[in-house]
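Two complexes come next, and they have one chain in common, chain A, joined by chain B in the first and chain C in the second.
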Partner chain A sequence: MAEAVSVVAESLAGDRARAARNVLGQVVLPGEELLLPEQEDAEGPGSAGERPLRLNAGTRSRGRVVCGPGLRRYGDRLLVTKCGRLRHKEPGGGSGGGVYWVDSQQKRYVPVKGDHVIGIVTAKSGDIFKVDVGGSEPASLSYLAFEGATKRNRPNVQVGDLIYGQFVVANKDMEPEMVCIDSCGRASGMGVIGQDGLLFKVTLGLIRKLLAPDCEILQEVGKLYPLEIVFGMNGRIWVKAKTIQQTLILANILEACEHMTADQRKQIFSRLAEC
Partner chain B sequence: MEGAMLADAKIRTESGTESGPRVSGCSLRHFACEQNLLSRPDGSASFLQGDTSVLAGVYGPAEVKVSKEIFNKATLEVILRPKIGLPGVAEKSRERLIRNTCEAVVLGTLHPRTSITVVLQVVSDAGSLLACCLNASCMALVDAGVPMRALFCGVTCALNSDGTLVLDPTAKQEKEARAVLTFALDSVERKLLMSTTKGLYSDAELQQCLAAAQAASQHVFHFYRESLQRRYSKS
Partner chain C sequence: MKETPLSNCERRFLLRAIEEKKRLDGRQTYDYRNIKISFGTDYGCCVVELGKTRVLGQVSCELVSPKLNRATEGILFFNLELSQMAAPAFEPGRQSDLLVKLNRLLERCLRNSKCIDTESLCVVAGEKVWQIRVDLHLLNHDGNIIDAASIAAIVALCHFRRPDVSVQGDEVTLYTPEERDPVPLSIHHLPICVSFAFFQQGTYLLVDPNEREERVMDGLLVIAMNKHREICTIQSSGGIMLLKDQVLRCSKIAGVKVLEITELIQKALENDQKVRKEGGKFGFAESIASQRITAFKMEKAPIDTSDVEEKAEEIIAEAEPPSEVVSNPVLWTPGTAQIGEGLENSWGDLEDSAKEEEDVDGTDGAVILGSTKMDTGVEVSNIGSQDAPIVLSDSEEEEMIILEPDKNPKKIRTQTISAKQEKAPSKKPVKKRKKKRAAN
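Entry: the complex of A and B
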């Protein structure tokens, strides 16, 4: 019962809004309030009471703060709505502001504009396909949204096919809409995913971890066997190697590496490289 | 075994009630919680309070039936399954209480025309079942990443015939009690979200129970924080 002593102190501290800067990388819970750097100064002990009226306050050099997933504006503060680690990205130029978000381990995908996802075609109706992406409703995909598709030259898409595409419309009030071409009309990797291979689901956090630019897991995996792999931001991974055995090994490694430390991963990879 | 656990919780509570009005005989049973233990639901949690245990699974924001669709917010559904037999009137009433509590904290407007379903399975009932259900559903909602305004917890108080107050009573204590009161409290302002009572009590006793529940809620929220921090420490 050593923790009993700290009960009161922490629960009292939990009530007060904490400075966002101080909790970066820490676990935040829904309902917590966060203070942004400029509010910290304003509410510091020195400037208690009335603040002097500032002329041209609008032109003050303050960075723009963007609330990412898991955070909401609440008056002039940030309100946490999801549990996870608080992250921050500095803006390109200047200090202050930037993007704040909560990195949570959830399984359910909510469509976001611009995300690349793997979907399963569930229905063909007239000139659109319905694609299941794991969200709350199926996304629509026009048959013209493929590279080289015209009214006469329809793409060969069957019900049950896997589609790698991108969201062009995704908001909470409208049906999400996917395309398999970029703004220049090129496929750039998108389209129907070929035969064979294995599709499996992982948490959204793992996908973000694997797609991070400095992720060593993917480089290690690439050294094991030659492979084809597709990551969907909706938590789906499609992988294909030369044999079924290799495909299954790769799928198992990727699933397992979520809850492993860097050392454990190294051990696994060195053991696999031997056999 | 249980005696030892009760004693443990008693020490913890007594050293921690400085901020709230002190109530004699105030003790919570031992808590335990495990998150993300089921693979199919989007979020899951099992919550233990003494020998009472509830398993919760959350699905959402998921597809919704057209008949249940609400155009400007998410449809919240709570299903409570008893340990044996089919759900009856008591379960339906509890479902409603839990749903109303969840609706107060879940930010349903962020996911309109979707459904958020909480399925609760009673594993064992040894008193304070509703409070345990509330705690399990809160942890499962957090695990599923459903946006919430605050956390919430349930606390049950029992008033004995001689006026003494027992927090988090066992089934035996509940049966002997003159009145049993269950409160749901939020984590931000520690305000009342839901209350349900059974039995006879006076105005002053209600206030006393509420104050005791508010003091006890701090321990529950502290436990939430610890268990979530442990979960995120792995990655």
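Entry: the complex of A and C
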């Protein structure tokens, strides 16, 4: 069946399908099809005839390929569903496979299992809280999903409070579910966020940029003022500094970081450090 | 989709910041966000940006029969729409309270202040009047919709041109823009709304609240004013008790703000007018930077560049020197000459531009041009011998002035007359040209 689909796809696509490996870091558009490394040999010139003879066509000898955001499996190719740059991460073992995803600029968040997000409690109903995370529907959060919470010992959460938590269930067309504990039952930083500080929204791309392991912005910001900061993968940042002025400055700097080069950023930071 | 709720911490932070006279975007208490006005290619279309709030205004007109009780007045119609594109919380196809309130306020600001002369929109009393329709679409919502919408509405109305009409007896003629220039509406003054947000029961006041400030405010005061400091509308909502002093202070601030905005509007309109007149680029599409391209690959054509220089030199060396193609200049009229095989030029200076257009447009343009040429031709032949500057007042091209040199007046006449005779019967320029060349 998959074979038939791919044949149809091939005849439709003609020569347009490009090898995923060759377009890494380039812009891909929705509807485009990408070839995976193991197909490249089969699709090469002259080898089309011998393809049906391959005995191990069904079994993947090489590494597993994972479709990240913006990509979908289409037969045995990858179908692009979002506009952006194609990215790839080699698996730990090396040799083919790995994760492919599309790095796109967007503001609308779609819940993903395992993401850490900042939510706003909108309602308390029975033994669950409804939490707005910016997705298409509010997430549910059990009152038992806090550190040290028992049936008798309920966490103190009010409507309008900020929650930093993690998705455990995030499926398409299903209500997502959040928790504020890890698998060991520890809070590990999650829970209700304090009453002060400022929450603001940025693009999802900026959050990913700030949370990247090699991002210097956070270190530079940390040198300016002592601060507390929480990043939610849903594009929300909560920041708190000593004074309101400092908090506002930090919020504006982080927002502006999105479209600044490293040099521009350094200039701004040095100017801020002076005053 | 439901509106994102405001968290307690945001609310608390905003109120504390306002107490300290700080605003989220670094503005002062009385500062407006940046206002940007851009126009579309058509008349009566504009986009107003107030910070991140954007409103698109479009004016259209239609001939309708007037209302029974106001037989000599045109009809003005305002419609603001809040689409889901602006904010996901707006529901399509439903009149929310906010929308009704905003529409009502706009009507009061623009119609009841009588800023547009509705009598001038009357064509035949009791039978035909112009209905002017102003459609406003909110493209992005970041607070203070009413100010942005009122600016967009008045700018679009100022920019709009309606087709010209003439009435002769019972006959009403509607002219297309090609026949007669469309006429602007007669606008007496520009009323502009200025919003004031009040916090802590009126203790603190902010001008031009953004979306988050709007959500924590206690009350809102909207003052519509023109630059002569005449209040057109005033509306207080939110249920706070305002003192007399506060309202007076707000009206003073509004006066200053309205003056600034009016100047901005006039400058924007002038700029657009200038660009249109000069034939430069205008419209939304032109205001978008064209450098951004999303193509990610380019077809590479292999070119062998190894011995290009030698080849080029070879070609140059082998080639014969260019022949002298310059033939005898043909003097058609004083002031115009022709060298070589160009287009035939049978007229004085005034025809140069027309000729160029003729070539581009082909037959359609040529018919019209031919007819205008005829009138001008007659004039030149009549007055040409008087050696005086000739002003062509009869035709539509009024700004044309010809300065004829004084030698050979006779020649001009014969030339122009012959050309006229030639032009009159034939309407296709290509044929005509061939004939002429054959005759030569």
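By definition in this document, the second predicted complex is superposed on the first by the 249 of 275 C-alpha atoms of A that agree within 3 Å, B and C clash if a C-alpha of one lies under 4 Å from a C-alpha of the other, contacts with A are read in each partner's own complex, and residues count from 1 in each chain.
Keep this in mind: a residue touches a chain if its C-beta (ideal position, glycine included) is under 8 Å from a C-beta of that chain, and two chains touch if they have at least 3 such contacts.
It should be emphasised that the depicted structure is a prediction, and the values quoted were computed from it without experimental measurement.
Engineer: One more residue to check, A:246. First (chain B), second (chain C), both or neither?
Structural biologist: Once the two structures are laid over each other on A, A:246 reaches no partner at all.
Engineer: Tell me the contact category for A:27 with respect to chain B and chain C: first, second, both or neither.
Structural biologist: It touches chain B and chain C both.
Engineer: Touch check for A:142: first (chain B), second (chain C), both, or neither?
Structural biologist: A:142 contacts neither chain B nor chain C.
Engineer: Spot which of chain B and chain C makes contact with more residues of chain A, would you?
Structural biologist: After superposing on chain A, more of chain A is contacted by B.
Engineer: Please work out whether A:160 is in contact with chain B alone, chain C alone, both, or neither, and reply first, second, both or neither.
Structural biologist: second
Engineer: So in the superposed three-chain picture, is A:197 touching just chain B, just chain C, both, or none of them (first/second/both/neither)?
Structural biologist: The second partner, chain C, only.
Engineer: Find the residues of chain A that appear in the contact set with chain B and again in the contact set with chain C.
Structural biologist: 27, 136
Engineer: Which bits of chain C are touching chain A when the two form their complex?
Structural biologist: Within the complex, chain C contacts chain A at residues 1-2, 4-13, 16-17, 20, 22, 24-26, 294, 296-297.
Engineer: In the complex, go through chain A and note every residue touching chain C.
Structural biologist: It comes out as residues 23, 26-27, 120, 122, 132, 134, 136, 158, 160-162, 193-199, 238, 244-245, 247-248, 251-252.
Engineer: Where on chain A does chain B make contact in their complex?
Structural biologist: 1, 3-5, 7-8, 10-12, 14-15, 27, 29-31, 70, 72, 79, 81-85, 104-108, 110, 135-137, 172-173, 205, 209, 258-259
Engineer: Quick check on the complex: what are the chain B residues that touch chain A?
Structural biologist: Contacts found on chain B: 8, 11-12, 15-16, 18-19, 36, 42-43, 59-64, 105, 107, 110-115, 142-145, 147-151, 186-188, 218-219, 221-222, 224-226, 228-229, 231-232, 234-235.
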